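Sharing a structure with you now.
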C-alpha cells in the first residue's frame, strides 16, 4: 500500500524539498499540511505514516511550535533528520531587470535573512510580508507583487523566472527537519546517531540544569543542542529540548537516560535516529567526506562501557585478579 | 526637552500598552517602529532615548529577534523590564452576536494562543492570519474581516466593540518587555534586581555550559532564564542569554561576572535593572503583595560576601584569632 | 576442620577483643601475629582463613599500614567489620593507691589519648613509651613499671588489678577492625552494607578527585570515609581509600563502580560487607537501637534504579506510553 | 638577641638535619623537644621563635599528630617548608662485617621502610623496635644492640660507623617538615608558594567535599595534597588538611579562600610560604634545575584575574565598549 507522508506546506517550501530528498519518499504520496500542528495531528490520528516538519534553522533558531507540538499530546517518534541548505532565490513571473521590481513578497523570516541583499540590490523596493515562502511564490506568479523571495522548489513549481540565487546574507544557512512517526521501536543504531529528548525540571534553575548536564557528562554524552522553552504555565518554568550524540540502544546512552529519568520531573524520549549528513557531505561509502561522529571522551566509549561491565561481573563473582 | 521613546508597533499592540504603564513615559513622545531592529536602530543612531521591545512570552517563548538585535551591533543597555498580562479580546466593528462571525483576523501566535476558545465559540469561522495584532484590529475596523483577535489597546484605538475578553487558552499568559537605551551606568541596585547577559561559549557543549552554570552556582547566583540561540554562523554553535537574580554593583554578582568573563569566549553585559512586579503585584509599599526577591542560598548573601572579605583581610594582615 | 584466624597481637590487645566478639570466632583457633603485614601474609599464604586487623580509630585516624598492606600484593577481601569502644584501663600488679604509681608503661597513641587523665590523676608519674598496649600490660605484670595503660582484655590476661577504667579523654573513642580473607564472592547484601575501595588517580589533583566524587554523587552513593595515602612513589601522588554505603551486588553500586573503573587509573575492590553496629547498638531484631542505614537521596533508591531500568526497556521496545 | 628554634627530637633525627638546612638556623639556638605537641607548645608559650616539625613522608604518609596539634589550640603560622631525602643508614659502634650483626634497633616506620634491604642483607638479624631514629642510634652507640637504622646525622652525632647507606627500599623517600611560628603576616609572595588550610565540613560527606573542591577548581587553584583526619569526636566526621598552590596575597587565592569560608563550617588558615625545592633541586638562580611552579589553567592566571576585575569596573561605570 502506498505510504502517505505529510509535510509543512504549502507546496514549494523547503519542507517539501527536504522530504523529496529522502529515498523512502520516492514512491510515497506526499501531501502538504497547513501547519505543523495539523501535520503532526495527521500522524497521531493515523491518517499519515509520518510528517516532515522543521526543527531549527541555523539563523532563525528553533521552531518552537514544532518542539511544543511534538512534546505535548500523545507520543510521537522522530525516525529521521534532514538538513538542507536554505538557498533563497528571487523569483518573478518573467525575467525582468532588477531595477523594475517595486514590490517583493516575502515571509518575515526570509526577509530578515535577506535584508543585506535587498538593501544592496533592491534599495527602492517595498517588502510585503506574507505568511509563508510558498505563498510568496504564488503571489509573484499571480502578479499580485512584482517578485518573491522563495525556495528554489517554490520558484520551479510556480514557473517563476529566477532573477537571483543565494540571496541570503548568511550563505551557509541550514534548516533541519525531522521525520516524525507514531511510537514504535527506534531505527537500529548506525554508529553515528542522535537522540532527542524533552526534559522537564521541577524546581530551581541552576541546581536542576546542572544536575541534568552532569548526568550526561558523567557518561561522556555529547550535547549538540539545547533549547529551553516555557512550559506554557508561567514565566520561569521550562522544558529543555536536548539533542545528544548516541543511540538509546547503547549502554552509555541507556545509563544516561536512566539517570535523567531519576533526577528530572519528566523525560520524554523523542527518538534515536541517524545523524543527517550536512549538504555536500556524503554519509558513508568510499571517498566519503562525512564528518566523523563525535568521539567519546577517554574512558567513555562503548567498548569502555562493555569492559567496565565485565570487570564488575568479575568482582561480583569473586574474581579479583 | 521632551524625551522620545519608540516601541514595537504598530499602534495598538501590547508593546504600546507596556510602554504606557511606565511613569517615565507619561510626558515623553511615544512612537511606533515597524520592527524590533528598527526600534533598536533608532536608539543606536541617537534618534530615540530608549526602545520598548518584547523579550519573551510565557506561552510563545523568547523573542529571538530581540535577543539577536540587542546582542549584535554596538552596545545597548536594558534599564527596565515590564511584564504585562496578555489579555486577548475579540473585537468587531459593532456588537454583533458571535454566531454571525464568519472571518477572524489574527496574528498566527495570537491564533495559536486562542485556539481552544475559537474551537469552542467560533467553530464555523475562518481564521485569516495577518502580520500583527495591531493589523488585525485595523482589518476588523475597516470591515475587511468580521472580527479580530487583538489587544485591548488595539480594540480601543480602532473603536471596536469587544465581543469577548480573556480569550487566550492560558488565562495567565504574560509578556515581558525591555526598555533598552544607550550604554551608560546601570540604574542603582534596589535589592531586587535582574542582570541580563549574552554568553558565548567556544567549544564543546557539555563541558562549557557546565562551567558557566558552575560559575554562577558557586556564588549562589540564581538563574531565572536561559535561552540558547544559534550564533548565526552554523548549526551547533550557540550564544546563551541568561537572566540572573542580582545587580552588577554587588560583590556576589561582580565575582560571578568576572568568573564568566574568564571562562567564556565572550560575555556581553546587557543590563542590571529592577525586577518588574507581575501584573496584580505591587512593588514595595504598604499592603504590598510583591513576591519577595529570590533568597540567596545559605552562606551566599551579600552580608556573607562582606563577612568573608573582612575575614580574608584579617588573614592577610596576620590576625588569625 | 577447625578454622584458623590471626589477629594483630600481642595477646591482650583490642584486636583480640574485637575478634572474640564475632560468632564465627567461637570455635576457631585464634592466634596473634606480630604485625599487620605478617597477619595478612598468613592469609595470602593460605596459612590462615582470615586476619583481624585495625582499620581506623576515631581519635588516631587511619591505620595506614593496614590500608597499604591490603591494597598492595595479591588481592584480599574484607568480609566483616567490627567496631569496639576503646576502653583504656590503668592496670597494676596489685590494687595499690594511685599516688604510689611512679612509672606508667603505655603505647604512644594510648598515652596521647589519656593525656588529660594522666595530668589530672598521676601528675607526678613518668610515662614510659612501649610498642603495644599488650606489651604495656606485660611490663606491669612483670613489675618493670608500676602500672600500664592497656585494654581490659590485656589486664585480665595478665591478671592485673584495674586501678581505673575509662581513662581515655574522649569517652566514646572507637576502633574499627576488618576481618580480611582470601578473594572470593562477597557475603550477600543485608540492606545495610559498606563497600571499601582503593582508588588510584593518575594526574592532576583537583580535577581527578572531583571526577571520583561526582561518579559517586550521581548515583546517590554516600561516602562515609575518605583517606588519602601516598602511593609510595613520590610526594604528591595518592591513592584514596573510600568507604561507601551499599553493596556491590546492587544496581546503584554496580553502576558507580563501573563509572570509577572508567575514570580512574585503577580501582581495587576491597569488599562489600555488613555495616557493624556501634557498641551498645543492636543489629536488627526486636527492641533494636540500631541506626537506620543511610537513606538514598530522592530518586536514588534501589527501587528508583529498578524503575528507571524498566522505563528504559520500554523506550527501547517502542512503548512510549 | 639570639633566636631560639625547637625541633622534634631527640638530637640526631631528620628534623634536626632539616632545621640545619635553613639559612636562618645558622646563628640561632637549636633545641630538641621530646614531642611535636611540646615543640608547638614552646612556640605558643613564647618560649621559642619557631618549631620545626614533620608534616608528611612520601612513604609513611601524613604525620597526624602534627596536623592535629597545629590545627587545635591557639593559632600558629607555617612560614617555611623543608623537604629532605630520608637517607637511612645502618650504623654500628665499629666497622664490623654485616654478617656479625645479630640485633638491629629501629623505629617501626624505619624498619618498615627498610624491610626489603633487611631481608636481603641481614636475613638472620632480629629487629628491635624502639621509639625514635635518634634512640636507635643511641642504643647502637651504647652497645645495647649491634646496629641501628638511623639518619646520617644520628650516626654522626653518636660517632657510629656507617655499615651501609641508602638502605630504604624506596630510594627517593622524602620527608617534608614545616617551620611553625606565632601568628602574624605571612612572608611575601615569591611566585611559587604553598597555602595550607584546615577545612572543617559540617554534614554529609559527598556533597560537602564536592563543594570544597569546586570552590578551588573554579578559581583554578591546584590542590597538591589532601588529608582527612577524624575530628576527634566520632568516626565519620572529618577535618581536611589541604595544601594549595598559590599565596593568600593574590586575588585568585583570596577569592578561593573567601569561597571556602562561606561554604565550610570552619576554615583555619595555616600559612602561605615559599614552596621548598626538592633535594637536588635549586630554587631559582642561574643554571637552576627547579621545577617550574604549577601553571594556572587557561583563563585562571593572576593576570586573568586582574583583567577580569578591570572589565567589571568598566561595566559598573557604563563603559560597555
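To keep things simple, chains are lettered A, B, C and D as they appear, and every chain counts its residues starting from 1.
Please note the rule applied: a contact is a pair of C-beta atoms (placed from the backbone, for glycine too) under 8 Å apart; a residue touches a chain by one contact, two chains touch by 3 or more.
Owing to the predicted nature of the structure, the values given are computational and were not obtained by experimental measurement.
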Legend entry - Shortest path length from chain A to chain D (each step joins two touching chains): 2
Inset, instruction - Measure off the straight-line distance from the CA centroid of chain B to the CA centroid of chain C, and report it in whole Å. - result: 59
Inset, instruction - For chain C and chain D, let me know how many angstrom lie between their CA-based centres, rounded off. - result: 27
Legend entry - Rounded Å distance, chain A centre to chain C centre (Cα mean): 57
Legend entry - Multi-partner residues of chain B (at least 2 other chains): 214
Legend entry - Inter-chain touch pairs (all): A-B, A-C, B-D, C-D
Legend entry - Residue numbers on chain C that touch chain A, as the complex places them: 75, 77, 183-186, 214-215, 218, 248-249, 254-255, 257-259, 261-263, 269, 299-300, 304-305, 308-309, 311-312, 315-321
Inset, instruction - Going by the contact rule at the top, pick out the chain D residues touching chain C in the complex. - result: 56-61, 64-65, 83, 108, 112, 129, 131, 170, 172, 174, 176, 204-207, 209-210, 213-214, 216-217, 221-230, 232-236, 238
